[in-house]
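Chain IDs A, B, C and D follow the sequence of writing; residue 1 opens each chain.
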Amino acid sequence: MKSYFTVIVFLYSCFWIPAQMLTAQSHDPEHHDRIIEFPDIPGLKTLKCDLHMHTVFSDGNVWPGIRVQEAIRDGLDVISITDHLEYQPHGADLPHPDRNRSYQLAVEAARNTDLIVLNGAEITRSMPPGHFNAIFLEDANALHQEDVFEVFREAKRQGAFVFWNHPHWTSQKPDGVAALTDMHVKLLEEDLFHGIEIYNGSTYSDEALDIALQHDLTLLGTSDVHGLIDWEYLPQEGGHRPVTLAFATEKSPNALKEAFVKKQTVIWFHNTLVGDEAFLTPLIEQSLVVTRQPGAMVETLLIENHSDADYILQNQSRFTFHNHAGVFVLKAHETTTVRVKTLINPDNFQLTFKVLNAFTSSDSHPVITLYL
Amino acid sequence: MKSYFTVIVFLYSCFWIPAQMLTAQSHDPEHHDRIIEFPDIPGLKTLKCDLHMHTVFSDGNVWPGIRVQEAIRDGLDVISITDHLEYQPHGADLPHPDRNRSYQLAVEAARNTDLIVLNGAEITRSMPPGHFNAIFLEDANALHQEDVFEVFREAKRQGAFVFWNHPHWTSQKPDGVAALTDMHVKLLEEDLFHGIEIYNGSTYSDEALDIALQHDLTLLGTSDVHGLIDWEYLPQEGGHRPVTLAFATEKSPNALKEAFVKKQTVIWFHNTLVGDEAFLTPLIEQSLVVTRQPGAMVETLLIENHSDADYILQNQSRFTFHNHAGVFVLKAHETTTVRVKTLINPDNFQLTFKVLNAFTSSDSHPVITLYL
Amino acid sequence: MKSYFTVIVFLYSCFWIPAQMLTAQSHDPEHHDRIIEFPDIPGLKTLKCDLHMHTVFSDGNVWPGIRVQEAIRDGLDVISITDHLEYQPHGADLPHPDRNRSYQLAVEAARNTDLIVLNGAEITRSMPPGHFNAIFLEDANALHQEDVFEVFREAKRQGAFVFWNHPHWTSQKPDGVAALTDMHVKLLEEDLFHGIEIYNGSTYSDEALDIALQHDLTLLGTSDVHGLIDWEYLPQEGGHRPVTLAFATEKSPNALKEAFVKKQTVIWFHNTLVGDEAFLTPLIEQSLVVTRQPGAMVETLLIENHSDADYILQNQSRFTFHNHAGVFVLKAHETTTVRVKTLINPDNFQLTFKVLNAFTSSDSHPVITLYL
Amino acid sequence: MKSYFTVIVFLYSCFWIPAQMLTAQSHDPEHHDRIIEFPDIPGLKTLKCDLHMHTVFSDGNVWPGIRVQEAIRDGLDVISITDHLEYQPHGADLPHPDRNRSYQLAVEAARNTDLIVLNGAEITRSMPPGHFNAIFLEDANALHQEDVFEVFREAKRQGAFVFWNHPHWTSQKPDGVAALTDMHVKLLEEDLFHGIEIYNGSTYSDEALDIALQHDLTLLGTSDVHGLIDWEYLPQEGGHRPVTLAFATEKSPNALKEAFVKKQTVIWFHNTLVGDEAFLTPLIEQSLVVTRQPGAMVETLLIENHSDADYILQNQSRFTFHNHAGVFVLKAHETTTVRVKTLINPDNFQLTFKVLNAFTSSDSHPVITLYL
């Protein structure tokens, strides 16, 4: 027996690449296109979060360490492992009684990296109320009980941040239209949940956004990944998982929780950003670096876009352009030349644009200003 | 002497690839991305035209045959060689007295191809009136005379179609703002020109579009190329030269002239289309093929975009989408999945969208309808 | 309790994409570059096999279903799940006593697909004898016993095909030079193993090839994957996992076992093929389709290469080429033009080439003939 | 008349991009892949030359300025415009009597750039002797006379370097087999030519290489371009024009002429290099930068290839590799990892490789050494 136990150490160090090595690799150009990139905004750090994901410890298909490596490859700051409390299809093979186990294994895999891993769990009920994630948990096991209100109250006792998952999921709401039931209203009255997913996996809900705005809920966007991120968000399609951008005073669990409680989030999916103007406008403005090449009466601006979003701009000012019509795109990580007919060539003029792929509600857009 | 004259025939056939061979090559996948592709519209053919270009016979840098090959590589239907009448910087080396010569050489190079070559010339004056192209000429030499009004009248006598080039050119209008002068008004009163470039080379003019709409002028967009098309509109940037899409009853010079006279054009530059709604709306609608995958209460549409334009759509109907917010893009030559929350699942419902990168005036957009 | 059990069925069908759906997807152009492609050879099917891989049931990091999906994405015909018998680092979480369990789950995941899944296990000992895979097992549990010779004898009793894994592994053979020990000689004398890996993961061994040739062993090449195939063999690098190409009378486990026993394999890794000339030569010749364009005294051949290998050819015939020197490359899935100076233009001439990236031993290459 | 002459200056400066601007552009990443890159060798500069090309001044299709811009885009150091002396198919339009004219226009276009433009001309006769280029001419007109021997003697009087063009051209030598005639022998006896093209356009000749080696002639490879370089050597195919790499003491016409006279050239076409071992071996060795990562008994080498050539290496040393068979490729501008089984881990060991896509004769290859 002894003979093959000595083998074990070699095997592990030889075959399985630990996450720390991956951190270094993630700076390689070949991985670059997976890194999600948005700038900080004045006074606040922009933290990229995916707060809904599964492992073999519920109905996912990978060991928790893979979720950590995927997150590092995507340049995330924060993940939460949120295995189903009540749904354990691999239970015959993994009869583990501890609902914190996948979190613990992820923490271990993330050691010596910058990734924050939050303890989380998915409360998995039929509708109403449907599924909810509780994150910043102390002990997930304590939430594994039958009475649903008691579960939410236990989460509150632990200081968890709780949000409603995929309220538009057609398996629970066949018309895909998110809507509050009486039970949801009661949960809200008791302050038992605080956020709502407007994007989950590959699905979006304008109605969930309406609910969030009406009931002052934090916006969330998550992958809810069960298989592999790479396969669901293909790199050759310029793909990325949906993320919640959280604006926090620093990169720490406490600052992050404060950001969620204060509703300081913007959701990034496909080529779309959704959030409060207070964060969305500076996020876009900070993405852009403008270099001015003064000309006699036609001024040339070079606008570098340092974000992953192709911004679709609609001109709102009285100036017209020598090389663009009134709607044009600032492509991600490219420099766009805009030639402005300044007419009287004012020393300080402003350009204002609606950003049409950014939303502050289901039918309104933020306006950005370029000060020159 | 005889010895090397026999060589001539071999040399020519061996070294210089005639345009006919190129036509065949232009179907190769490697050239495919240069071919400009837009569908016909009901009852009319969509002809891709570049009606402003130069050769060594004025201030261009290539033999006319190269212009023919460039056009074939770009999938154009029509070109006009429009060398400057009055400006001949290569005159010391090419002292050719015949202003039709570059046209004749282009016709010869286009023999046995489908490319239509129009005889044209650029009337090259300081402002006013600036530069104008006359196309469908019988004899360009007759336009080479001093009095500018006489030149325009001669063009009219020949049945030419005449348009104002780059009215916004900063070398002649330093503020870049296209504006009619008294002389232009007189020319218009005498019906001496009929169209106006709103796009030239790499420059655009909202004000030229305003003038066109106010004075009922045909819209034109041209490359005005002097060097090489490939170098000015790089393929790796997804580039293409600006073209005038003309909607004609058939592919013939006569039908084409009728299309221009009737103002049946749409201009295509960058990712932007500009034109009358009567042509713009069907052009976009014909680009799209929708396949319906009925679902219980959420219907999946696969929308194939068979054009070169990435259409930026803004939802105008009461339906919301299960995977998109209210603004999204149908990428060129790709299929986009749109999941519609049909609610009551009507058998025949309509989706309507504003197309934000298409313009019917400097600040209005066409609306398209998808009938399902 | 009942309430959330009804949820289960929906959850599973909604979130987790079964392997059958993936088979259809694998024809998409976007996945195409992962499909490993080589032609059949006269009379025999070319089956692409990876016979060494791990899951969470030993020290791997994915559920068995992921291995099935990876195989389908790579276009494999055959896999074997070969979790370590003696090495169970996840044992505290997965205390499963049945060493056939990961195989059973993979079989279930591969149902309704064309993928053959073989029951396998890795005998995991310190050197000597090191690690061995036994495939075509009836019951892996019976191999989980202490005496190593008894383990091999049990494998033989079950009719397994057994091969030596990574004999050059530096953790067990620090100089990386594969070498038989007395114990290996005894195992061979008792006919207890039949093949040897010359390629494992990302490592190659010329010395293992020498041993195979001297002792008449079947050649194997395997991924030995623990993490994700996509991450270890990046697509943007044109990467693919190492595979064993087995030449079998049909695609069935029995025909496959016969192919292994008869040593009918070729190993494909990087851009290199290694195997017996009897299979290597027809494999390369069948990859190539030659179209002849007769010319007066210089004949043009269009050589289509329908395989994944860039063949590096060295001219062995008396003919020289009008557009290549004596060494040139037939790129994978491209058509290469070769102009041959046939001199007397013989009706039937032959071209012969050494294929320099194919090996029949550590320093010899197969010769292919193009009959024209 | 005066009115439009003032226009001229604006027109020229606005529309036609001078070559100096292009030099700056050629550093853009998007143009990068057209720049031909090879290192200098110890004591000598590696100058990239294309010494055979045509313009509208004989049977070419572009103005000389385009040839200058093409050369800058390709990163060339030296070109020669070599219009046909006797063959003037555009003579009716360009009746210029001065055979130096295209050279003069190219010199003007190259002003303020680093490109060296040599005065050249193509002596254009039927076979024998066929076509020859004379470069470093003082006055091309003096070569325009009937007696072919007198033409060569005049070139010699002017100190020209003269080389035989495409001796394998099937229009003049139908079997494509380059061969000296009596006239060529006489020309050589009188020292009237000094070099020979082994590559022209898209054609190669092993027999021309044999002639060069037997008669001590300088090797040349040229594009002989008549149309556009971009169209004949497509970038998406990784294409580049054939060039003559000349090894000179400095970048000057005099040093260059000395290099040609001393036969200090290597020819680069497709992925093939041909030349004398004295230059070929250091060229390849200087392309490679090796970083050593010592390991216990298996040493890892990172080999950066700073040239445009994919070097096909064949191992010549007694060492074997832990990740490659005996033939592998160092891809252009990539870093290849080579793991060497050093066995006794010597402090200083050497690796030697034949480079199979480099030729010192039609069937021999240079050997490079990596000193570690």
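Following the convention adopted for this analysis, contacts are C-beta pairs under 8 Å (C-beta built on N, C-alpha and C of every residue); 3 or more make two chains touch, one makes a residue touch a chain.
From a predicted model like this one, the values you see are computed outputs, not experimental measurements.
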Third chains touching both chain C and chain A: none
Common touching chains of chain D and chain C: none
Mean-CA-position distance for chain B and chain A (Å): 43
Centre-to-centre distance between chain D and chain A (centres being mean Cα positions), rounded to whole Å: 53
Inter-centroid spacing, chain D versus chain B (mean Cα positions, whole Å): 39
Multi-partner residues of chain C (at least 2 other chains): none
Touching pairs among all chains present in the structure: A-B, A-C, B-D, C-D
Chain B partner contacts - residues on chain A that touch it in the complex: 168, 170, 174-177, 202-207, 270-272, 274, 296-298, 312, 314, 320-329, 339, 341, 343, 356-357, 359, 362-363
Residue ranges of chain A in contact with chain C within the complex: 1, 3-4, 6-8, 10-12, 14-17, 30, 54, 56, 59-63, 65-66, 69, 84, 86-87, 89-90, 93-96, 101, 124-126, 146, 169, 171-172, 201, 224, 226-228, 230-231, 234, 236-237
